[in-house]
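Okay, so here's the structure we're looking at.
Chain naming follows the written order as A, B, C, D, E and F, and within any one chain the residues start at number 1.
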Amino acid sequence: MNKVVTFGEILLRLSTERHLRFSQADSYKATYGGGEFNVAVSLANYGVAAEFITRLPNNELGNSALKEMRKLGVDCHNVVFGGERLGLYFLETGSGTRASNVIYDRADSSMATITPGTIDWREALKETTWFHWSGITPALSQSAADACFEAIKVAHEMGITISTDLNYRSKLWNYGKEPKDVMPEMLQYSNIILGDIDTAYFMLGMDKVNPDYSNEASLPTLYDELFKKCPKLNTAVTTLRYSISASHQRIGGILYDGEKVYNADVQDVTPVVDRVGSGDAFMGGLIYGLLQTPVNKQRALNFAVAACCLKHTIAGDYNLITIEEIEKLLAGDFSGKVSR
Amino acid sequence: MNKVVTFGEILLRLSTERHLRFSQADSYKATYGGGEFNVAVSLANYGVAAEFITRLPNNELGNSALKEMRKLGVDCHNVVFGGERLGLYFLETGSGTRASNVIYDRADSSMATITPGTIDWREALKETTWFHWSGITPALSQSAADACFEAIKVAHEMGITISTDLNYRSKLWNYGKEPKDVMPEMLQYSNIILGDIDTAYFMLGMDKVNPDYSNEASLPTLYDELFKKCPKLNTAVTTLRYSISASHQRIGGILYDGEKVYNADVQDVTPVVDRVGSGDAFMGGLIYGLLQTPVNKQRALNFAVAACCLKHTIAGDYNLITIEEIEKLLAGDFSGKVSR
Amino acid sequence: MNKVVTFGEILLRLSTERHLRFSQADSYKATYGGGEFNVAVSLANYGVAAEFITRLPNNELGNSALKEMRKLGVDCHNVVFGGERLGLYFLETGSGTRASNVIYDRADSSMATITPGTIDWREALKETTWFHWSGITPALSQSAADACFEAIKVAHEMGITISTDLNYRSKLWNYGKEPKDVMPEMLQYSNIILGDIDTAYFMLGMDKVNPDYSNEASLPTLYDELFKKCPKLNTAVTTLRYSISASHQRIGGILYDGEKVYNADVQDVTPVVDRVGSGDAFMGGLIYGLLQTPVNKQRALNFAVAACCLKHTIAGDYNLITIEEIEKLLAGDFSGKVSR
Amino acid sequence: MNKVVTFGEILLRLSTERHLRFSQADSYKATYGGGEFNVAVSLANYGVAAEFITRLPNNELGNSALKEMRKLGVDCHNVVFGGERLGLYFLETGSGTRASNVIYDRADSSMATITPGTIDWREALKETTWFHWSGITPALSQSAADACFEAIKVAHEMGITISTDLNYRSKLWNYGKEPKDVMPEMLQYSNIILGDIDTAYFMLGMDKVNPDYSNEASLPTLYDELFKKCPKLNTAVTTLRYSISASHQRIGGILYDGEKVYNADVQDVTPVVDRVGSGDAFMGGLIYGLLQTPVNKQRALNFAVAACCLKHTIAGDYNLITIEEIEKLLAGDFSGKVSR
Amino acid sequence: MNKVVTFGEILLRLSTERHLRFSQADSYKATYGGGEFNVAVSLANYGVAAEFITRLPNNELGNSALKEMRKLGVDCHNVVFGGERLGLYFLETGSGTRASNVIYDRADSSMATITPGTIDWREALKETTWFHWSGITPALSQSAADACFEAIKVAHEMGITISTDLNYRSKLWNYGKEPKDVMPEMLQYSNIILGDIDTAYFMLGMDKVNPDYSNEASLPTLYDELFKKCPKLNTAVTTLRYSISASHQRIGGILYDGEKVYNADVQDVTPVVDRVGSGDAFMGGLIYGLLQTPVNKQRALNFAVAACCLKHTIAGDYNLITIEEIEKLLAGDFSGKVSR
Amino acid sequence: MNKVVTFGEILLRLSTERHLRFSQADSYKATYGGGEFNVAVSLANYGVAAEFITRLPNNELGNSALKEMRKLGVDCHNVVFGGERLGLYFLETGSGTRASNVIYDRADSSMATITPGTIDWREALKETTWFHWSGITPALSQSAADACFEAIKVAHEMGITISTDLNYRSKLWNYGKEPKDVMPEMLQYSNIILGDIDTAYFMLGMDKVNPDYSNEASLPTLYDELFKKCPKLNTAVTTLRYSISASHQRIGGILYDGEKVYNADVQDVTPVVDRVGSGDAFMGGLIYGLLQTPVNKQRALNFAVAACCLKHTIAGDYNLITIEEIEKLLAGDFSGKVSR
């Protein structure tokens, strides 16, 4: 039996309704989300034992976040309480040529002020087979980066598979470090990395590259450099996202296992209900796919792409899609016919 | 003066808002709908005298359904009260590649437990020129099927035109009978049938066919078999629906009168506000068209297709579209320009 | 420093939600809008000193309209109170092939009953560099037309640039005059006119024309006739709008300065959140463009087109778009990527 | 079988939600109401055949008002279409010591511009046993007063019982006439009048009085003067309303039949959900009571008071209360226990 | 460590908003509730290990109910899936003298069709110290009564404390049995019973009594008869509820342990936000009180009354009140001061 | 002409709707508020020139706060932009015996990180006659306390009247200082202080007292000690607030001018729509009263009490009450009658 643990921050998400601008809003929809938590939700939704570890403030907002985790079937028994505030983000959902806007308000959150030693990782990761983290946690603060690195090292020692979503957020990384100061060390232990090739190069402090994903033959050379930098890496994956507009995306994916490039067909996604969390839906689908069909990497990749596409039809950060719905898409049925 | 009576079930429809999934909903929009009622609403909306006959529970949900009928200008003086509950359906409206979902909760409703003898059909159908029923009522229960058949026979004896929408619903038909056990007998009396050719064959217990609607010349042979099975049939109509996604439909139609195939141009419908009831909008438009321009079948068919297309832009089950709006579409104006 | 004054009516806008038809609405969203006010909002939004002059009833609806002006940063210190009621309009927002509907309820409003002499224009227009009016005000009533003409003449005497949006509304002009009885005199003083060529000919009482905007070479001849009729005219602009449906527009623009035709590329706008006010967004962008880059007319026109396109993504009458967002579009980025 | 016809105006009511002030509202709840229509709704609700006659504009707001009438079971087959606009009123619902505010916007409505001769009263009042009008209609305009007087005279000639609610509205009566110029003539034909004694004196142009309702013995003298002025009057009724605050009312009633004063116990009503229409609920209850138990005037009065009290618990103008609920109150059960 | 298991039905609750009547509702708030589940929620909220056992349909409504249980921290690992539908109830919340109305729509629900043998009670009740059931389950159907009796007998054999809330619902008990046919046998094993004395006599088939709770000395004789009929009974408790109106309740309580009558002061509760579930809040508080301070029965009773009072301030079925808030009330602080 | 400047923080207020608990909320109403800003709104509302000075983050939340100030007619031209975030507070509105809860999330807000020297006070306070600050600003941080003290000293030097609301908030004061370390120095310059006597003693580091406000004669001695400690003080005012429950308050007030105690009658306030900001409404009413009728202190006090009472009927932090409405209350009319 597989058990996946993800570690990161859960945020209260306050989003305007009906595409209203911030200045028009007189109410906010309140949901929750966060890259690593969203991955755990995807997995729980597919029936995989999934646990999320974070640090929450001991107030009613923290308690409400905990209730949300429980509701979604994500194990939260290692969540710790402490710190002063729950991280927030405000979201204005765009439309057409108008982009969505995010205002982060997560500085000094309970998770940003977590320190190494807060979690007993050896105990927490017992019976865990997969550990997932993303580039958001080291972007929060030095202590959060340290706490994450602590977890990574324990997971590695315990022989647990480690996956990482690079998740570069330019509005974070405000504490005096750049990704290249922190990430190379942490990525040493990653077995699976999800991210654009240029982002990976940037985070690893390598020279800037400009990959041409349409030229499949050109990719192994580029990915191979990552494999060299990250000795435990066995799978590098990139989500292909062509933004026609905020309401129309085209989604594909590439997976490279050191030997072969796998390519998933690009799908049209229109209209977009909510694109936040679609990358996490890809990651969740990818982990599920690799757990279910480890030898069939094409299928794992296709599953991730289909999960990502379907996420765009769901309001909120989570991918509340069933395996059956993904299978229907994989089987070529895009009709959206009413089931009745 | 024409008067159309439709007979069937009206349901309380509880739908999630803003494309939310069932598990995200903390409220439901409450409207009403039901295939045969929706047809009556279309007709009332076009100025045709329309009556709906059903059985409602004697509680505030039943009374509210009655108020809805009155509001919409549908005559309801023959509605009877009895039974224990109003039928319900829960609707989750999909988007893009995610399909809409319907959860029926209509077992043992007041309409499902109706029995023959409940309505004095000879009295009720006085001054009626057209009687419409659909394949949903016989799918509910044996007694509902019997009650419907009773009505059909009286209507036939009284020389009333009878139309039928086959409306196959796989989630119904749970009482031990299959369509082929019930429908052939009932369809004996139908003058107009709306449905896919393969559905008609299936319901009539005929061999499975796979019609190619793009090959117009191939269709008369297939339709002719229906005319043979249904001796009173003079018009068979099929809605062509190509689902690009839940948000994008392409709608056309075919009418065959035993002599000639009429074909209406396929129209793009995007985005889709609500596709539930669009088949009933087609049926309502068809009846109106056949009443207004019985000799101009092409126009009747075009009217039905345009009504169906416009229905997709209306929230709820009903086609609250005016004749003027349909005429504008028929005249080729798809611009959706603001009238001011 | 530029200061722009616009003069006209602000209306309470009562719109149905979620594309509901009027007969389905049990609530209305309440915002404000009006052609000339919307232009002032655009300009205030771009950082231009903008003032709106109108007449409001002395009740809580009038006061609320005033609060709205202040909120949006539009100077309102010359607004006068008087008359009996605030003008209203009811809006049903269409979708796809179903058009939006407007029910005006603005007869005998405080603005419609304004009379010449109400505003001390010489005082009000001190320090003003640009005065904007539209064809809506003379359509309201004889006294509103007279009051507007009074303003125009003062503005002209004071050497202020005058712009006009022709804004023909067939549901107005009910007081016994036609545009050709009123507009030619008023347009004598306009330096910039925004409108379709055929509308301009119609309002000026000239023979009907059928301009072919795709044939650029054919346009100077047509525009030149306007320059002859309007001796102060130096810039004639036309918004090109191709309505694929209520949810899909294609927007371009043409500017003619008596010497040269400038043409802005046609942009796809889909989906449409709200198209009301998009013409005013064009006008606001045009004034801004002509103020900022008077010698670069191509850029001014492109700015107007981009502003108009982006307006379609905003709920309500106003164009709450930043210069940065317009610049991004002008630079060719239509991706709508989340900023985070 | 009794049939009651009421004649007056139906308004679109736009009310702020959750006790918001007008300046805080960004949406309005849209319902309908109007004194005489509200009376018809009460009666229909009690199972009495009730008809409402008015004049509506031929637009979607007028049609929606008609749908509302049908929904509520009020006969509307004599409603006429014409004129330019539906009357509106804006409502801000107070709380505690803060009063509710009404902004009327009904000038020049379709009903205000009705003229005598619009309705064929002799035809319309066939089979009618009771005709009800109120002091609002003559307050609208001279022509509305004339049209109402026309109806009164026909009703009188046809031997129909006539009831009148004095309904003085200080914000109306703007067309140059005062109540005492119009009402005395019209009240000549009233058999039942509902109103405060001082209001009646005022409207009839009599000297100001200051009745002391707690001194029952003092009332006959005062009422008798009304009987002298109104020769057909047989029943004068006064609603006693003690406003503790906007959220707490105390309601009683007095009925005088020329011989005896009947007094209904004062009831506490707290909290108040919506007090608009509570006077009409009293009137509706009174008519019902007088129809059902004409000889038991105490019971008719008690029924009216109980109906009025219960109305305060219902949102909107109408008294959607069942006879059973009123009977429970009359039987002394104020417990509000959940029925389950 | 205590662990409490409750067994019963969870319903989807569809309630009108803002005190609207059913016929006014165009949407329903969707929450969940059910007597025995509400008790489990109270206990989980107080930090007691609480589990709820029921049967749910295997559809998205059943899954959503399961998510609700998890969210609220109620253990649900013994919930079984089966049957056809989730039980529903529609709620119209009254105000003042207008009572709330409940329309049950729970016939043939998954819980009503549960049969003995569905749950392995010996396994399910391992480590359980307290089992709670109520009179609602045997009211649903014969098979539900049988399944409940099965659980009771196993719990008794395992030496588990058994509590029962009599919860008489006149709208249930439709399957041919009366309480006195079923309940006496089941109540044999109850150690704690919550209910009115007359309800207990009625359910046990004893002669009708009319207890005077204000006469404390008269109660032991009446309670003693219950102790005779129910040999395991050690504590009988009655909630005193005086309904001034739907918006104003007065709540007290009486506890009798076979030796002494304990009496809790009556508290005013006004206004009432939602009284549904307040009896379950009493039961939850009572179990908590008896678990925490078994020897201090006065305090246990006071805790139950305070919990019941505070429940009335919470929307929905559950008592989302903290121990600290109850303690504040017990300490005499009713001020409701803002904590900041 | 008077001009009042207030200085402090404006917060985004996120409040649950319909008395929901935080854990039930899936949306938050978004308004703004803050003690000193609320005072400015009151004054602007009464027609007094009012300005608010604060520091806002340069993002869309900061801009939206600025729009709110403008909308409400509060001068904001000295507001500065800087810092990282807008202060927030989450509000759960209680009912009856359940108290409201506030979760402050304002640490490190733009206002909390303001430093002396940010505002050019000598320039900003030109033409100002009254400066108001409260005990909240020094509770935020050392630098905010310093910035406030800087303003106080300049105001004092410029001969401006200074008023202070003590506004003790136990959840603030987290930066290592207690009120008694900071406030005595700052209060040296206050001419008017609003606060409970015991709070004043506590903040000034004096011995604890337990004033008996019902014993008027005992108060001068207590207030006199404050006058000794605060040499510029000429008026000390205390709001009397008796909390019957969260839904029922009783409000009075006491004013002492060094010579005489003025006492305003205690008023019942029930129900309470929103009590947040009612103290600021008192303060705003007091300043207005002292400005309008400086010699009639009784009237000034009565005005403050009436303003405070009426504030409880308004949703949100602000007192959107007109002078006319307050005058009506002062004249003894509590009836809340509909104005129509």
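Everything that follows uses one rule, which is that a residue touches a chain if its C-beta (ideal position, glycine included) is under 8 Å from a C-beta of that chain, and two chains touch if they have at least 3 such contacts.
Small disclaimer: the values here were computed from a predicted structure and weren't measured.
Counting steps between touching chains, the shortest path from subunit B to subunit E takes 1. The interface with the greater count of contacting C-beta pairs, when C-D is set against A-E, is C-D.
Annotation, subunit A versus subunit F: rotation angle of 180 degrees from the Cα superposition, expressed as a multiple of 5. A separation of 63 Å divides the Cα centre of subunit B from that of subunit F.
Centres computed as Cα averages put subunit D at a distance of 45 Å from subunit F.
In subunit B, the residues that touch at least two other chains are 21, 23, 26, 67, 101, 271.
Under the stated contact rule, the graph of chain-to-chain touches falls outside the line, ring, star and complete shapes.
Contact residues of subunit F toward subunit D in the complex are 17, 267, 269-273, 309-310, 312-316, 320-321, 325, 328-329, 334-340. Chain contact summary for the complex, subunit F toward subunit A: residues 14, 21-23, 25-31, 59-61, 63-64, 67, 84-85, 88, 90, 92, 101, 103, 105, 107-108. Across the complex, subunit B is touched by residues 67-68, 70-73 of subunit D.
Residues 18-21, 23-24, 94-102, 104, 169-171, 243-247, 271, 275-276 of subunit B are the ones that touch subunit A when the two sit in their complex.
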